[in-house]
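Look at the two complexes coming up: chain A is in both, with chain B in one and chain C in the other.
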Partner chain A sequence: MDDMEFVGLGNFSHLFFEDLVFWGALRNNLVWMILTLVFMISVSLGLAMLLNAKFKGRTFFRGLFYFPFVLSGILVGIIWRWMYNVNFGFLNEFLSLIGLDQLRQTWLGDPNMALFYVFIAALWRGVGAPMILFLAGLQTIPEDVLEAADIDGASRFKKFFSIKLPMLKETFVIVLATQIIGSMGVFDIIVATTGGGPGNSTQVLASYMVQQTFSFANMGMGAALSTIMLVIMMIVVIPYVLFTTKER
Partner chain B sequence: MKKKILALLAVLCISVFALFAFSACGNDNDGGADGETINITWWDLNEHLTGIDSIIASFESQNPGITVTTAGHSNETLHQNLQISAMNDTLPSMWFMWGGALGGRYVQYGVSRDLTSFANANNWNQVFTPASLQLATLHGELAGFPRAMNILAVYYRRDIFEDLGLSHPTTMAEFHTLVETIHAAGITPINTASVPGWHIMRLWEQFLEHYAGAVQHDQLQIFEIPWEGNQAVIDSFATFQRYAQSGFFPDGFISMEAGDLTLLLYPGFSAMQIEGPWFDSSIINDQQDIELYGIFPLPNGGTNRLSAFGEMYMFNDNLTDEELEAAVAFLHYFFEQHNVDTHPNLFGVPIPQIGREGGIPAEQVNVPAIFATGSVNGTFTISDQALPPIVVDALFNVLDYVALGTMTPEEAAAFMQRGIERHQQEG
Partner chain C sequence: MKKIFPAVRRYFILILLSVIWIVPAISIILTSMKSRADFFSGMGLFELPSQIHWANFTNALFDANLLLYMRNSLLISVWKVPIGIFVAALAAFAITRLEVKYPRGIFIYFLIGMMVPFHVALVPLNAFFAQHGLIDSFLGITYVYIAFGLPFAILVLRGFFNSIPKELDEAAYIDGCSRVRLFFSVILPLAKPAIASLFILDFLATWNEYILASVLIRDRSRQLVTAGLMNFIGQHGTDFGLLSAGVLLNVIPIMLVYVLLQRHFVEGMAGAVKG
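Entry: the complex of A and B
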C-alpha cells in the first residue's frame, strides 16, 4: 500500500459531480428510510397492538413474529432471493399453480421495482424488533387510565390516538432513531438478494462503499462514501442523543 | 444508582478500548515460524480445497516441521477478505489469485513477494511452461506460482443440437442464426447471468473481438486507441443489447447469480454456456453426464481467438526465506502427478508444467479440445483481467445499463472512456 497518492477532495468531487451511481444510491437510502418509517413502524405497531391483547397462544405469536429478526440479513436475503427466482422461485411457481401465469414476474430483475421487493424481505425480517419495543411500551400504559377512558365512553379509535399514542412517545423516539440509523446502514439483505443490481437500481451507500472498496480496490472512493454515510448518520444521531439526554 | 451506571459505563469503555488495543497487537502474518514449526496459511476457493485433507496430511507426515492450514472462500469473499487483509497486513502465507489486474493489485500494493530471484535460483524456467510464467508476471515481477491456464469456449448441449439438427457455427452470422433457431424452439440459447458482471462479459468480449478484430481489440485493451466513438465498441454493445432484449438469455438473467446457472443448463432449459476447462470437472462432480456436453470456439472472426486467463498462488511479502521455501515445497508436492491422479477433478488441468501437458483425466473429454483449439486459434486476455479495476467496474455497470436499455451503445462507449480516463488520472 505504499503508492497512495494524495488527491485532496478528488474522491468527493468525483462522487458528487461525475459518479452515475452515487446519487441513485443516496436516493435509494432515502426511499428505504421512507418505506421503513411508513411500513416498518405501522406494521410493527399494528402487530404490537394485536399481540398486546389477551388471547390464547399470544406468546407463541410474539415469538413467531420476532423470530425472523434473529436470522442474519444474509440468510434472509438468500431465502428471499430463491423465493423471487424467476425460473424456480416459490412466487412464480405458486402463481402458475393457481393458474395466474400472466402474473409471473421477473421480480428482482425489474429495475423499477427491485428495491421494493427487497424491502418486503427486509420488512419480514425486521418487523419483530420495533414490535417488541412497542409491545414493551404498550405494557407500561397504566390499566386504570384505559379503564377510566372506557368508563367515559371513549371509542377504541379515541383511546388509541388520545391515550396510547401519546404515552408511546418515548418508545417512538427510540424506534424512529434506530430505524432511521438502520435504514442508512442497510447492506446485508441488499447484497444477498440483488448485489445492488440490476443496473445499480438497488444500490445503497453501504453496498456501493463495500463494492468500491473490496471488489474494485477503490479505497479512496470507499473512504469517501464511508465519510458521507457518517455525516448523514450524525445528522440523525446527534439530535436523538440530545433529545434523550434532555428528557432525563 | 447513578454511580453504578457510571461505573458500568466506565468498565464498558475500558473493555472496548482494551479490545481495540489488543487487536493492534496481532501478528503481521498468520503463518510463520513458531520455534521449529513453520505454519503455512493458505486461502483458496472452496472448490479448490475440497477433499485435499489427505494430501496435506501426507505432506505434513513427510515434512514434520511444516503444517498447512487452509481457509476456503467463495469467489467474491476471497477478493474481499484479501483486500481487507492487504490493508491491515494480515495476509495469509499464500493465496489463490487470477492473473492480470486482479493479481496485479497486490503487486502494486507491495504486499506480495516478487519471486523473480527465487525462480531463477530454482530454475523455474525448466519447471513451468513459458506461457504460464508469462501470465504470472505482473508489473515486471514474477508474482506467483502458476496453478493453471484457462481458455474459454462455448459449452453446448449435444442432445439439444442433435434434436434441432444444428452443427457448430463457423461464422458470426451462423452463430446468430443458431441462437435464433434455439430460441424459436423454446430453449434459452445463451446461459448467462449478470451477478456479478464477469459471466455476461464473456459473451460481450466475443462480440468486441468480432467487430474490432484481434489487433484493434488488443489496442483497446491497453488503451492505445480510445473507446469513445469507436465503431467496433459501439457495435459490440449494440449486438449485446439485441441479445439481452431478444430473450436469448434466461428470464431474469439480470438478477441471477452466475453460480446458479447450471440449474438451467443441466435440465436442458438452456443450450450454451461460455466456460473454461474447469467446467468438465464441475459437470462430473455434479454427477451429470459429460457425454451430453461438447465445445466449440465462438466464431468471432480472424483465427477465432478464445479468451484466456491464468491462475496462480501468490505469497505474502512478509514471509521469511524458510517460510517461502516451505510454501513452495508444499505446492510442488501438491501438484505431483500422484495427487492429480487420485483427485482428478480437483486440479486445473493440464498442470502448466513442462512435460505434463498430457496429464488430463480421461473423463474430462472436452479439455484436450479446448487447449488444442486455443493453441491453434490463439488467445486474448479475458477482459476483467486485461482491464484495470476501475475500468472493469465501468464495464460491469455498462453491460447492465445496456442490457436494461437505460444506456445506448454510443453512451456505453463514452462511459467506458470516462472510466479509462479516471484510471489514467489516478495512475
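Entry: the complex of A and C
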C-alpha cells in the first residue's frame, strides 16, 4: 500500500484502451450471460413443467436436479475438470468405450470451446435453482383457468404461451435478475475448472480482478475492475430491488 | 391409451436426464477406488481394480489435511450461522414490527448488499485485514461472513414475519408484554420453520464460500474447506484417485443432510421469493 502513487483514471484508461484481456473477459461475461439466459432458463423451465404434474417419483426427480446446487462451485468445478480430463476423464473414456475414438476432445484445453464446456458444468450445477422458482410460480396458476382453456379447446402450445408464460411474469423477473447478476459475478467454477486459461480464453471480470490484485499485486487495477463490475451490476440490481420491494 | 402416452414420455425424458445428472457421480466413485498406479498402468476409467484403494480416503483426510479443513470450516459456521440469523431476526423484527423510519429504505439497503458479490469488496477488505493483522484470523473472517449473510436472512425472515398477523402483537401488548418479550416469546417461536430453513441454507453458504476464504486465510493449517479443496488440484494434480476421494468425502455429508432435510431447502428458497 505504501509505495502506491495516485494515477487518477490511469487504471481505467489502461483497461479500456490498452488491455485486450479486459475486453476478452468482458466479452466472456456477456457470452456467459447469453448462454445462461438461453439454456439455464429453457432447461429449468422445461424441467419445472415436467415435474409440476403429480406422478410417482416426482420428489425424487426434483431432489436429484436440485442437488448439485447445494455443492460449492469449487467442488463442481473440480468434478467437471476431472470429467473433461484429456487422458483419463469420463468423457473421452466413454467415447472410446462406445468406439468413437475419433471424437475425443481436448475439452478445456480448446481455447475456442473451453468457456462453453465450463458453462455445461455450471448448467449441471445451477439448473435446480430456477427450476424451484418456476415450480413455485407454476403452482400459483389456478387449476380452473387451465380447465376453462381446455373446454374452449386451447392447444397445449396455446396454453403454454397464452396462460402459463404470462402468469409466470413475476417468477421470470426474479429468475432473469438473479441469473444476470450471477453471470456478471461468475468466478468459482471458472477458477476450479480452467483458472481463466488456456491463454485467458475463459477469463471473466471476477477472475481477472483476482488475478490482477493477488497474482500481480496490482491493487489499483483490481479496484478499477471491481468498480466496473459494480457499475454494470447496479444497472440490473437497482431496478430489480425496487421491483421486489414494491408495496403490493 | 391417450393418457398413458404422455406419462411414458415424461418418464423417458426424466430418466434420460437423470442419467446425465448422475454421470459425474459415477465418474468420481469409479475414480476414487483406484490408485495413481492403476491409471498410469493403463487401466481405463470403467475397469474395476482388483481391490478398492481405500488409502485414497485416509490419505485425503489426513495427509492432504481434508479433515483439518473441514474442522476449520465447521468451527466458523458454528459461530457464524446462529449469530447471523439472530442479528438478521432483530433487523427483520425492527423492519416489520417496530415503527422505525423508512423501513423500505432500510430493507432496500440490505437487499442491495445481497446483490453485490463478494469480489467487489475484496480489494478494500484485503487491505483492511492486512492493516489490522486480521489475515488468518477466524474471528475476522467470521465477522465478514456474518455481514455478507445478513441480507439473505433478512429477506427470508422479513417475508415470514410479515405473514404473522399483527393482531398477535396487539394481543400481546394488551397482556402487558414488552417488545423484547414479543420478539423472544411470540415472533421467534412462530418463525421456527423459516429459521430452520435458514440454518441449513446459511450453513451451506458459509461452507461453500470460496473467494474470501482463499484471500483472507493464507496459513495452510487454517484454511477452510473450499480453499483446501483447491489445494488438491495444485498439489495432487495427477493423483485423481485422491482427488475423487476428497470430493466424495465432501459430497457425502452434504448429501445426507440434503436427503434428510430436503423439505427445508425448497421451503427456504420459496420463502425468499415470496418476500
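Note that the second predicted complex is superposed on the first by the 241 of 248 C-alpha atoms of A that agree within 3 Å, B and C clash if a C-alpha of one lies under 4 Å from a C-alpha of the other, contacts with A are read in each partner's own complex, and residues count from 1 in each chain.
The criterion applied here is as follows: contacts are C-beta pairs under 8 Å (C-beta built on N, C-alpha and C of every residue); 3 or more make two chains touch, one makes a residue touch a chain.
Not measured: the values here are computed from a predicted model.
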item: Clash or fit, chain B versus chain C on superposed chain A; value: clash
item: Touched partner set for A:I151, first chain B, second chain C, both or neither; value: neither
item: First, second, both or neither for A:M229, with chain B first and chain C second; value: second
item: Superposition-derived comparison: chain B or chain C, residues of chain A touched; value: C
item: Contacts of A:I79 with chain B and chain C, given as first, second, both or neither; value: second
item: Touched partner set for A:F90, first chain B, second chain C, both or neither; value: second
item: Partner chain in contact with A:I98 - chain B first, chain C second, else both or neither; value: neither
item: Touched partner set for A:N218, first chain B, second chain C, both or neither; value: first
item: Which of chain B and chain C A:N200 touches, first, second, both or neither; value: first
item: Touching partner for A:L64 - first (chain B), second (chain C), both, neither; value: second
item: Overlap of chain C and chain B interfaces on chain A (superposed complexes); value: 1, 81, 85, 88, 210, 213-214, 219
item: For the chain A and chain C complex, residues of the former touching the latter; value: 1, 47, 50-51, 53, 55, 57, 59, 61-68, 70-75, 78-83, 85, 88-90, 93-94, 96-97, 124, 129, 132-133, 136, 171, 174, 181, 185, 187-188, 191-192, 206, 209-210, 213-214, 219, 222-223, 226-227, 229-230, 233, 237-238, 240-242, 244-245, 247
item: Chain B-facing residues of chain A, complex; value: 1-3, 5, 7, 14, 18, 20-21, 81, 84-88, 106-109, 111, 114, 194-195, 197-200, 210-219
item: Residue ranges of chain C in contact with chain A within the complex; value: 7, 10-11, 13-14, 17-18, 21-24, 26-28, 31, 39, 44-46, 104, 107-108, 111-112, 115-117, 119-124, 126-127, 130-131, 204, 207-211, 215, 226, 229-230, 232-233, 240, 243-244, 247, 250-251, 254-255, 258-259, 262, 265-266, 269-270, 273, 275
item: Residue numbers on chain B that touch chain A, as the complex places them; value: 76, 79-80, 83-84, 86-87, 105, 108-111, 194-196, 250-257, 260, 263-264, 269, 389-390, 392-393, 397, 400-401, 403-404, 406, 415, 418, 422, 426-427
